[in-house]
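First the structure, in the form of C-alpha cells, and then the observations on it.
Note that the chains take the letters A, B and C in the order they are written out, and that residue 1 is the start of every chain.
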Amino acid sequence: MKKSVLFGTMAAAAVVAGAAGAGTLEDVIARGELNCGSNAGLAGFSAPDANGVYQGFDVAFCRAIAAAVLGDPMKVKVIPLSSETRFTALAAGEVDMLARTSTWTYSRDNDLKLDFVGVNYYDGQGFMVKKSLGVSSAKELDGATVCIQTGTTTELNLADYFKSNGMTYEPVPLKDNAEAEQQYTAGACDVYTTDASGLAATRATFADASEHVLLPEIISKEPLALVVRHGDNQWADIVKWTFNALLTAEELGITSTNVDEMAAAPGVNPEINRLLGTEGELGAMMGLSKDWAVKAIKAGGNYGEIFEANIGASTSIGLARGLNALWTQGGLQYSPPFR
Amino acid sequence: MADTAFVRDKMLAPQKAPSSEVGALRWMRENLFSGPLNTILTLAALYFVYVIVATIGPWLSRSVWNASTLQECRAIVEASFGEGKKGACFAVINERWQQIIFGFYPRDLYWRPTLTMVLMLVALGPVLFTWVPRKLLWFSFAFPAVAFWLLWGGTVWLPVAILLAFGVAYAAYRVLTPVNGLLGIVAAIIAPILYWLYLCAPLANVLETALPFGLRTLQSHEFGGFLLSSVIGVSGIAFSLPLGILLALGRQSDLFVVKTTCVAFIEGFRGVPLITLLFVASLLLNYFLPPGTEFDVILRVIIMVTIFSAAYMAEVVRGGLAALPRGQYEAADALGLDYWQAQRLIIMPQALKVSIPGIVGNFIGLFKDTTLVSFISLQDPLQLVASIRANQEWNGIYWELFIFVGLLFFAFCFPMSRYSMYLERKLKTDHR
Amino acid sequence: MSTAVDAPGSNFRLGMLIYDTRYRSLTIQVVFLALLIAFFVWLVDNTIHNLSLKGKDFDFGFLFVRAGYDINQTLVEYTNDSTHGRALVVGLLNTLFLAFLCCVLATIIGLIAGVLRLSKNWIVSRLMAIYIETVRNVPVVLWIVLVNAIMSISMPEPKEFRGENPSASMILFDSVAVTNRGVYLPEPLFEHGMGSLQLGYFSVSLNLLAILAVIIGSVWGYRRIQASATKVQHVTGVRPVTWWKSVLIITVPIVALKFALGFHLGYPELKGFNFNGGLQARNSLIAMWIALSVYSATYIAENVRAGVMAISRGQTEAALALGLRSGLALRLVVLPQALRLIVPPLISQYLSITKNTSLAIAVGYMDLRSTLGGITMNQTGREMESMLLLMGIYLTISLIISALMNVYNKSIALKER
C-alpha cells in the first residue's frame, strides 16, 4: 500500500513513484524509467561522461533491462551510490536494482534481505603495486601499507589473508576509489587492494599504467552480481532472465548487428526462435513483450559485446575474459536453457 | 652696523622633511620596523609570502586552458615551457565547469536555475536592505513556490494550489473569528492542512486539464554541484527560520512541558554532528515513517538539515530576544496586547532585526556544510570532483578542481560575511 | 470578606479550561504533551513495523561479536579478533584524542592570529586578515582534503630514505622522520617497566601511572615549599632562599624514576616497507589535526580580537595610574575582563571542533564514526542501532562540554546588584 505524505510546499518533491508498491515492474512501467543504482565513478564499469551520461559495463546491464522492460535503453536513471549506502538504498526502494560491483555473500543475501540474481562478473580481490617496489608476490607484503576502500568485503578479506599468512600490515581506509587512487599514486601506500577488475580499471586510467603490476594472488572469491530486493519474484526473474538472455545470445552467436535479421523470421535453431520471440510466448510468462530479448540484445549487444566494448582487451581497461568466458570456452558464465 | 648680532630678516623657504620622515620610508619605519619584534615579524611575513608565491606562482603562470585530456595538457606545458616543467591544467575547468555548477541538469535548461538565482536576489532584497520597497515582501513570500516550480518543473498549478492554502487559512480565520476567536485560530491551522491533504492535488489536476501550462519535469537526481548546495542551503535556512522562532519562544515560555521539550530539541540537535544526521536522512528516515512512504533523498536531506539548523536558529533568535529591553515586553503588556499580538507587533520585528547577522552567519555555516552531502553520495561539488577524476581523460588531476570549488565557495561566502559585518556595525550604532 | 475571585472547583465549567488563565496553561501543556507522546508512539510504531517488514530486530548483541577488521591507530589494545564493542572504544578514544589535539593547537594559533591581527605592523595584520577571511569562507572538508593531499604528495616516501645517498633524511638528530605516510617520532620505552594494570576493558600502563604520581608529588612538594616560604616571609619579613629546594624536589624524583624504570627513547628505523619502532602520527591524523585547527583558529582569532577590543583603553590606563606594572596590569585588569568575553565562545568552538572530528571520513582517520558508524555498521547491517548509539555518544560528549561551559559562565558572571 502506498501512502502519500504531504509536507507543506515540498510535497510535490516527494512525488517519486512508490517503488514499494505491489510490483516493481508496474512501478517501473508507470514511471517510464528504470532506477538503477551504480558506481559514482569507476572507469569502465560506471562513470559519467562530459554530458553527464553514465557509461560502462555495469550500466550496460541497466540499459539492457530498461530496453527489455520499457523498449528504450536510454530510459534509465543511473543513481550513483557509495559502497556504504548502496544496500540501504535498494532496500528503501530508492533504486529498482543494483548493478554496482556488489559481491554476493551469504550474509548479504540472508541478513540484508537481498536477492543476487545474476553474476555479471566473476572477480576476486587482488593487489596492485608499483613495479619499482620489486614485489612479485603478495606473500612478500609483510609490513606494507595497504590502501583499502572502506565499507566493502575487501576489508575483512585483507585482515583474514594477512593473519593466515602470519604477516602484518598497516591499513589506510579510504572512502572511495578516487581517494584510494590518489593515495596510492602519491605513494602514501605500497599496495592498493580491491576487486581485480577494479584494479585493472584504475590502472587503465594511469598515464604510466605499465609501471604498475597486479600481483598473481587472488585472495577471495568476489562474484559481482546484479541485486534486487527480496520478495518481488517477478522482478527478480526479469532481471535474472534478461541477463541470461544476453549470455545465451553470445552462446548462440546473436549479436547486436545480426539480431534484427535473425528476429525477422523463424530460423532453423528452435532455441534462437524461442529467445527472439519468433516462436512461443516466453516474454509473456514474465509480463513482457514478445521481443523483449531482441530489444535487450540491441541495447548494447550480447554479454561478450558488452564486455569487449567496456572493459575488454581492446579497451584501455584491458581485462581478459578469464573466468568470465562462456562455459563452452572454459569459463564460468553459463545460462540455463530457454525452454 | 657690524656689531649687531645676526638677525634673520626674511623667512627661510620651508625645507623638505628628512627622507626618513616622509612617504614610504616613514610609513615603513612606523608600520613595519618600529621595534625588534616588529622587524622580525615583518621579515617572517615577507619570507612567508615569498615562499607561497615561489611555490605556486610558476605553476599558476604556466596554466593551460584548452586541452581535452590531462596528458595533452602536460604535453602542452612541456612544449611551451620546456622539459620537466609543471603547470596548472585549468582545461578541466574549461570543459567541466558547467557540471560543477549545475550538476547533471539538462544543458538546454540552465536558464531555469539561473533565473531562480536572480529571482532569489530580488526576493532577498526587501529582507536584507531597507531601501527596497516593502511591497516586494509579497514576492519574497511567494518565492519558495516559484523557485520550486522553476527548478523541478511540472505543472504551474501545483505550486499555485499549494499557495492557495494561505488564502484558505485566511478565509477560515475571517469567517470563524466573529463566531469564536479561538475557533478562528484553530480553523486557520486545520483548514490548510485538510486542504493540502485532500483538495490540493485534485484541484491542481483539474486546473492542469483545464489550462495546461508547465515546464519539463526534472528529477532530483539531476541536481548537482553548486545548484544542489544552494538548494539545500537556502531551503534549509528558509524553512528553519519559522521553526527556530517557535523553538526560541518555546524555550522562553513559562510552560514547563513546552520549555523542556524545546530545550531538549535544541540541545539534542546541536549536540550531534551534521554528518550523523545526514546518515540518518539517507539510512534511517524511511524507518520512522509509515511503511511504503517514500521520499526523495534530497527532500530527506533538506528535512534533516532544516531540523539541524532550526536548533541553531533558535539560539540566534533567543539572542535577539535577550537583547530586547524588558520595557518592550512590559509596554506591550500595558497596551493590552495578548501574547501573539505582542510577539507579532512588538517583539519579533525588533528581535529578528537584531538577529539578522546571526542568521546570515548560520547560513554561511550551513552552505559550507552542504559539502558533507557528498558522504552520502549526493552529487555536490566535491562528489562531482571525484567523478570527474574517475574519468580516464582527467585522472590524476587534483589541485585545479579543488581550487575552483574553493574559489566558488569563497565567492559566495565572503560577500555574505561582509554583509553580516556591515549589518552588525549598522545595528550597533542604532542602539547607542 | 472581599469579593473573592471565583473559587476554584465550586462551579467549574469546561470552558474555563481555555478561558481561565489559571487553567489555560495547564490545558495547553496537557494537550501539547499528549500530542508529543502520540508523535513518539507513531514514530516507534512505524519503526517496529518497518523493522519487522525487513525481518530485522533491534539488538545490540552485535557489539560482542568478533569485529574481523583492523584499525591502524589504536590507543588501547585491539586486534581483528576483538569485538565490535572494543572497536567502538578504540574509535571513541581516537575521536577524543583528535579533538583534544585540535583544541590545543586551535587555541594557540587562534590566540596568536587574533593578537597579530590587531598588530600595528601593516603587513602582518593584513596577512592575518587574509588568512582569517580565506580559511573561514571555504568549507572545512576542502581544507582537510587539501592538507592530506599536500602531506601525501609533497613529503618523501619511506623508500627515499634508503640507500647510500638517500634523497630524504631524518631530522632532529635522526630521531624524526617526516614521510608521506605520516611523521615518525621517537617513543618512550622502559627497560624494566612495571607492566600494566588490567581494569576490565582497559589496561593501564603502570609506568605511566608512576610517572604521573611522581609529577603530581613533585608539584605538591614545590607548592608546599613556596607556601612555607611565604609564611616565613609574612612573619619575619624576609623570604628564605628556596630555589635549591625547588630544583631538587622537581628534578630528583623524576630522574630517579627514569633510572629505576630504565627509560630510553626508541627511534624509528627503516625496515622493509616502512619505518618501524617509534610513534607514528599518520597522515590522516595530521591532516585532520592541522586542517581542523587552522580552520577553527580563524573563529577563535576573531573572538580574541573582539574580546581585546571590547576592553576600553581606559582600563589599562587606570591600572597604570594605580601604579601597576604593565605585566600586572595585563594580568590583573585587562585579561580577566577580556577572558569573560573570550572564553564562552572559545568553549563553543571546542564543541564544534569535537563534532567536526566526524569529518575524518574524508581522509580515513579511524574515529568513532569510521569504526562504529562505518565499518561496523556496514559489516553487521545494523544501521539503526549503530546510528542511535553513535548519536548518543556524540550527544553525551557535547552535553558534558556544555555543562562545563555553564559552570564556568556561572563562576565569572558579573554579580549585578
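Assume contacts are C-beta pairs under 8 Å (C-beta built on N, C-alpha and C of every residue); 3 or more make two chains touch, one makes a residue touch a chain.
As the structure is a computational prediction, the values presented were derived from the model and not from experiment.
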(request) Could you pull out the chain whose C-alpha mean position is farthest off from that of chain C? (result) A
(message) Quick check for you: compute each chain's CA centroid and the global CA centroid, then name the chain with the smallest gap between them.
(response) B
(request) Take the average of all CA coordinates in chain A, do the same for chain B, and state the distance between these two points in whole angstrom. (result) 39
(message) So the centre of each chain is just the mean of its C-alpha atoms; given that, what is the distance between chain B and chain C in Å?
(response) 28
(message) For chain A versus chain C, what separation do you get between their C-alpha means, in angstrom?
(response) 43
(request) Indicate the residues of chain A shared as contacts by at least two other chains. (result) 88, 175, 179, 182
(message) Where in chain C do residues touch at least two different other chains?
(response) 149, 153, 361-362, 383
(message) Going by the contact rule already set, what residues in chain B reach two or more other chains?
(response) 283, 286, 289-291, 375, 398
(request) Provide the residue numbers of chain A that touch chain C in the complex, in ascending order. (result) 83-84, 87-88, 91, 107, 111-113, 133, 141-145, 150-151, 155-156, 158-160, 163, 169-175, 179, 182-183, 186-190
(request) Over in the complex, which chain C residues touch chain A? Could you list them? (result) 54-55, 68-72, 80, 149, 151-153, 157, 159, 180-181, 271-274, 276, 282-284, 361-364, 366, 370, 374-375, 377-379, 381, 383
(message) Per the contact definition, I'd like the list of chain B residues that touch chain C in the complex.
(response) 27, 30-32, 34, 38, 41-42, 45-46, 48-49, 182, 254-258, 261, 267-268, 270-276, 279-280, 283-284, 286-291, 364, 368-369, 371-372, 374-375, 382, 398-399, 402, 405-406, 409-410, 413-414, 417
(request) Write out the stretch or stretches of chain C touching chain B in their complex. (result) 18, 25, 28-29, 32-33, 36, 43, 46-47, 49-51, 53, 116, 119-124, 127, 133-134, 136-142, 145-146, 149, 153, 355-356, 358-359, 361-362, 369, 373, 383-384, 387, 390-391, 394-395, 397-399, 402
(message) Applying the document's contact rule, which stretches of chain B touch chain A when the two form their complex?
(response) 70-71, 95-96, 99, 103-104, 107, 144-145, 148, 152, 154, 158-159, 162-163, 196-197, 200, 219-221, 235, 282-283, 286, 289-299, 302-303, 375-377, 379, 383, 386-387, 389-392, 395-396, 398
